[in-house]
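Below: a set of structures, written as structure tokens.
Okay, so chain A shows up in both of these, paired with chain B first and chain C after.
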Partner chain A sequence: MAPVEAPVGTHRPRPLRQRILGTDTLLPYWLLLPSVLYLVLFFVIPLSQAIVVAFQDGAGNWTLENFPKLRRWDFNFLPALKWTFLLALVIVPLQLVTALLIALLVNTRFRGSQLFLYVCAVPLGLSDLAAGLIWYGIFADRGFLNSLLYTLGLIDAPITILTPDERWWLFGAVVVAEHWRATAIVLVVLVAGLQMISKDYLESAEVLGANRWQRLWYVVLPLLRPSLQAALIIRTIFAFEIFAVVLALAGDFLPVLAERAYNWYFFRQNLRFASVYAVIILAISLIFTVLYLVFLRVREEERR
Partner chain B sequence: MKGYKRIGLLIALLGLTAALGVPGDSLQAQPPRIVWVSTQLVPIQEAEFVRNEILKPFTEETGIEVEFIGAQYGELFTRLEGEARAGQGSTDLVGGLQGDFVGIAQFMDDVSDVLAGLGDRTFAAGDLQLGTLGGIQAFIPWMRATYLMMANKQALEYLPEGADLNALTYEQLVAWGQALQEATGEPKLGIPAGPRSLLHRFVHGYAYPSFTGSTVKRFLSDEAVTMWEFLRDELWPQVHPAVATADAMDTLLLEGTVWVAWDHSARLKQAPVERPEDFVAFPAPAGPYGRGFINILAGLGIPKTAPNRDAAAQLIEYLTRPETQVKILQGVGFFPSVEEAAGATPPGALKVLAEGVSAQASASDALPALIPGGLGPRGGDFGAIYRDTFIRIVINGEDIPTVLRQQGELLQELFQETGAACPLPDPADEQPCSVEGL
Partner chain C sequence: MAEIRLENVWKVFGKVVAVKDVSLTIEDGEFLVLLGPSGCGKTTTLRCIAGLERVDGGRIFIGDRDVTELPPGKRGIGMVFQSYAVFPHMRVFDNIAFGLKMQRVPRSEIKRRVQAAAELLHIEDLLQRYPAQLSGGQRQRVAVARAIVLEPEVLLMDEPLSNLDALIRLQVRAELKRLHKQIGSTTVYVTHDQVEALSLGDRIAVMKDGEIVQVDDPTTVYENPADVFVGGFIGNPPMNFLPGEIAAPKKDGFLVLRAAGHEIPLPEEFVPALQDHVGKPVTVGIRAEHIEVVPEPTEGALPAQVLVVEPLGSHLLLTLEVGGETLKVMVDTDLRVEPNAEVWLRFDPAKIRFMDRETGKALLP
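Right after this comes the complex of A and B.
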């Protein structure tokens, strides 16, 4: 039996997909729907609730009172602002430089560079609390660092590094731990960015006589700007949310904003003050994101 | 012979029925089923322990079935209030913290007669005093938890001359710390100061009562200023800096980082559990006003509307037997309220702790302090005020009078807003509590 061919020009029913989802132009929106729903449910709604709570008093009237009140009830408010900013100020540039160096190194495709990249990315898979505890095990009185120094005969008795009497030591310990833990995310973004840079540009530059340094400065870095922007935004926002590493290494002797919010929410059961802190973190993150978008603006022709 | 036995049993049953006042046909009388509502031992594992290890033998012995119901304070209150209003109830026995009984004392029956029947057991006078609420014996002390000291036995040889471990003063503790620092080259005392530590309990329930005879009222008194100078200049230099991130002292004791430490009994327990021969527990030190310590006391009481009062009294008798109390200590870690039980504890970690707890509760200069009730969800704020004060003065080195005034204002605000009464050793009838000198 010969197959029956549909005569040309007759009306065929639209595919099932089209009938359910509408025309193809609507499809992207349907695909976006789940993530939009997720964002609304777990970010937008709680966020708006937090903002409302932060600007209302117990009776539901709008007020700014919660901010001075929080300052009175929490002597760590200003120190938390100070330490959070200082940590971000030191950690983010440090991570950017380290990640860039490692990314450039990986991009030379030396033997074993992929393995090297994976090893560098290991901390990505760790929770920040786990990372904090690992470094606590290193810096503690009877931790690995003291044991090592003692074995090498450099010290007679353990040095107490994690002590509230030396806030800058606590600061340094957090910087080291956070640097180890969170550089990988910047690294991954930059490696991806580097691999997208077409070899043609570099070859042209080489033909025109640019040396290694000039190629980096005038070709690679400008082309990497979109990736740098993305990495900086991600890392800076995370830097202002720094939490578990500080908690593990410094307790509340190095107060930071997210730790304060957590403390007020879980231990003091004070949703209002926790929300005030959340709003402050949100405001800072927004300001920095806008700053990055403005100052690291990616021109249209740089986009691919 | 067999017949006599049967008749005896019948008479016993009749007697029991008469005594319990169970209505209905006396010949068909069954032992009553009683209801015990408790705010303590509520977590599933603990409740299972109570049902299987504690109540099952009781039922085998007496024939009385017990329904054990775990409840939050709010549920307990609503239940008793409803039963009181209805004039009849189903709750026969109530187990709760001293603070719980303060709130429900109005529904409780006087249990002096039950207490009188427990003549072979010694309760601490302070505990019985705490059980006296609204002019009646509202509860009988059942079990306790507390915070106390623990030392590595290595440290004992450095104890200052003439110092008695069970009657230590804060001055002697500092002298001891100095001797230890001279001998070992580093501070050897431990007071937990990590973010989830119980440092605030040390400040409001131990230091403040011992040095000022008060927790809230004399918060910024001259005695308090002297105390803070002492804590900052004398005591803290003897405390090992590693405590800053430590939430429990057992780890530091086991490591040997500290040799003498203060903490909650549950947070010290692991040290003697691992090496029972190496550690000794003893009472917290005393200051000019006495030996301030927090007595977390749980009690047993009978509501006025209890349908089976005698069976409930039988259960109280059973629960306060030294052997039952030891069982509770072993099963869930609450310490006995009956002095005889400390001696009945088998050797090991728990005996080490039980002896210290018992010595602290029955010290001649004991000055029991309480965690204030009535603060509701703002209990966290109360603790934080004391912790923050400690950190600002002792660790950050801020000016004492300034800090005390600022923190004192917060304390005042907290009690005004919640309307909570003063916690012992401040006068418990002052409500809301207020800070002197503001």
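Right after this comes the complex of A and C.
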């Protein structure tokens, strides 16, 4: 082999494109810049402002007083905390199970499975307020549900489902609506995860005598862990931000954290309490994200 | 104890017939290699035996049992996949123990048997590692250990060496052979690599377009290919083929082969098989090592021109032209030949094989 020598004295000015974009190692950062700018402008700055407001008093001194103060002033604070947690606690596992079942079904690649997946994903395209209104149309006194039951002769008069007297009915209606609206995002993540699991693992387990359930439990679910983690993080964070569906179906008869923040900000013009709520939601989301990352982590040596 | 018997097995994918009426008996304890080019149906045949594909016709027996309708886990088989399919989320120990756990074997026995299988494959020091911490060769051993720990009557392997680099492949190949001698399971081994097939198989089943073309021991498959396809597929370089004609120039019963404008006298034992083909066109097959290169015209030798000389270390591989056909010839390294030189080729008459020019089928003596 002829020795390759570095060319001497061939220093040419670098092309313009290179001078602007720097080397290849810098290019990724240029490509990231627009989204980073967007996030800083519309998320990081307002968020830091909210945190500052939440931890200051009217005179601009740093304080933790706003939190106990909010508890004293807003008799809906504890109920909002309770209902938000209960909703998340019921909705997220329910969605996970439903999404997993549908994803496993889609992954059998039955004839028409792609169409089925698209149909299941339709609610992804709806805003949460629109979804809330759709379910209001179903659950209202003269809504679809009552009409259907009446037509079938199962009831003589409409049942009032959405009433402040029956908090748990409101709760159930929100669970159903939210389940319908937001399961698709989990589904899409899980379907993608399932498709990444090589068929060989399943066939190998099958030859080794594992039945359907054992294959699911010992092979599919462990290998699906990264997707489960991603789906859970996304869904749990959104679950604590639940707002428009509750507003459409229950108004403020079923208080939740985000609705409280909205209420204090718009109706009582109280930026400080609204910010305190925002910080609480943020803290809860962060705690759960960290928990998922710790408990569902895939160790380096287990990676494929 | 466990012979495998395929009776008229069919497998069809849409319009493609992957396995076409295959019947084959694999003896108890035999190492059978399914060999063929990609798409010939060898892997599908293996998957039918494993039960990973439902056959569209025919029956499969393992031992005395008709397993055609049984799921893979109930057939008493072990299988090694091309990708190894070692579970990445389990330590080596749990990978090997997986099948035993599914059978609810007691914990202490699992431990003992995993240890024994690991020792057989020299991976007993790796039991606590995760697959990502292993080399390709080690992962392959884990896959084999996981298959044999169940002491299956039948071991199925789907191109188990094709993902290894050349040096390790040689080493593992020899070890698979040793392992088979040691455990004695009836083994079906799929490969497209004819060297692997020749070195491992007790018998080789050569497949083409979903059908088995020839099943024989390696020597027979190599020396007496059933047709032009087998001769061209097996051997490196593949068998040479020349158009020729059988002739009976004298009345004494001897036959000659006319090829490239010359005549080669044939040994007497060919007479019965070739008598009916006198005057008819045939394809002549001869292996590269059965051609002798001589520097001057000789009785019964064909003139040839050297095109390429390739030193292969132990031998020289010559590419020559004879009457418009290209031949590969293997000669000793001490022969001095240059490209473009004119030489004469003498075929070892006993090693010449004849095929029907039309069908390509061998005319066996």
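In this section, the second predicted complex is superposed on the first by the 284 of 304 C-alpha atoms of A that agree within 3 Å, B and C clash if a C-alpha of one lies under 4 Å from a C-alpha of the other, contacts with A are read in each partner's own complex, and residues count from 1 in each chain.
Operating definition for what follows: a residue touches a chain if its C-beta (ideal position, glycine included) is under 8 Å from a C-beta of that chain, and two chains touch if they have at least 3 such contacts.
It should be emphasised that the depicted structure is a prediction, and the values quoted were computed from it without experimental measurement.
Superimposing the complexes on chain A yields a three-chain arrangement in which chain B and chain C fit side by side.
Once the two complexes are laid over each other on the shared chain, residue contacts for A:Y218 go to chain C alone; chain B is not touched. Of the two partner chains, chain C is the only one that A:S204 touches; chain B does not reach it.
When the two structures are aligned on the shared chain, A:L249 is found in touch with chain B, with no touch to chain C.
Of the two partner chains placed by superposition, only chain B is touched by A:F75; chain C is not.
Legend: residue contacts after superposition of the two complexes on their common chain; A:E65 is shown touching neither chain B nor chain C.
Using the contact criterion defined above for the overlaid structures, shared-chain residue A:N270 touches chain B, although it does not reach chain C. In the overlay built on the shared chain, the residue A:D141 is in contact with chain B alone; chain C does not reach it.
Using CA centres, the angle subtended at chain A by chain B and chain C is 160 degrees, rounded to a multiple of 10.
Superposition on chain A places chain B within reach of chain C only down to 51 Å, the least C-alpha distance between them.
By the touch criterion given at the top, residues 198, 200-201, 203-211, 214, 218-219, 222-223, 225, 298-304 of chain A touch chain C in their complex.
Within the complex, the chain A residues that touch chain B are 72-73, 75-76, 136, 140-142, 157, 160, 162-165, 247-253, 263, 267-270.
Here chain B touches chain A in the complex through residues 185-186, 193-196, 240-242, 244-245, 255, 257, 377-378, 380-381, 384, 388, 391-392, 395, 406, 410, going by the rule given at the top. Within the complex, the chain C residues that touch chain A are 50-52, 71-74, 77-79, 81-83, 85, 87-89, 98-99, 102-103, 129-130, 132-133, 146, 150.
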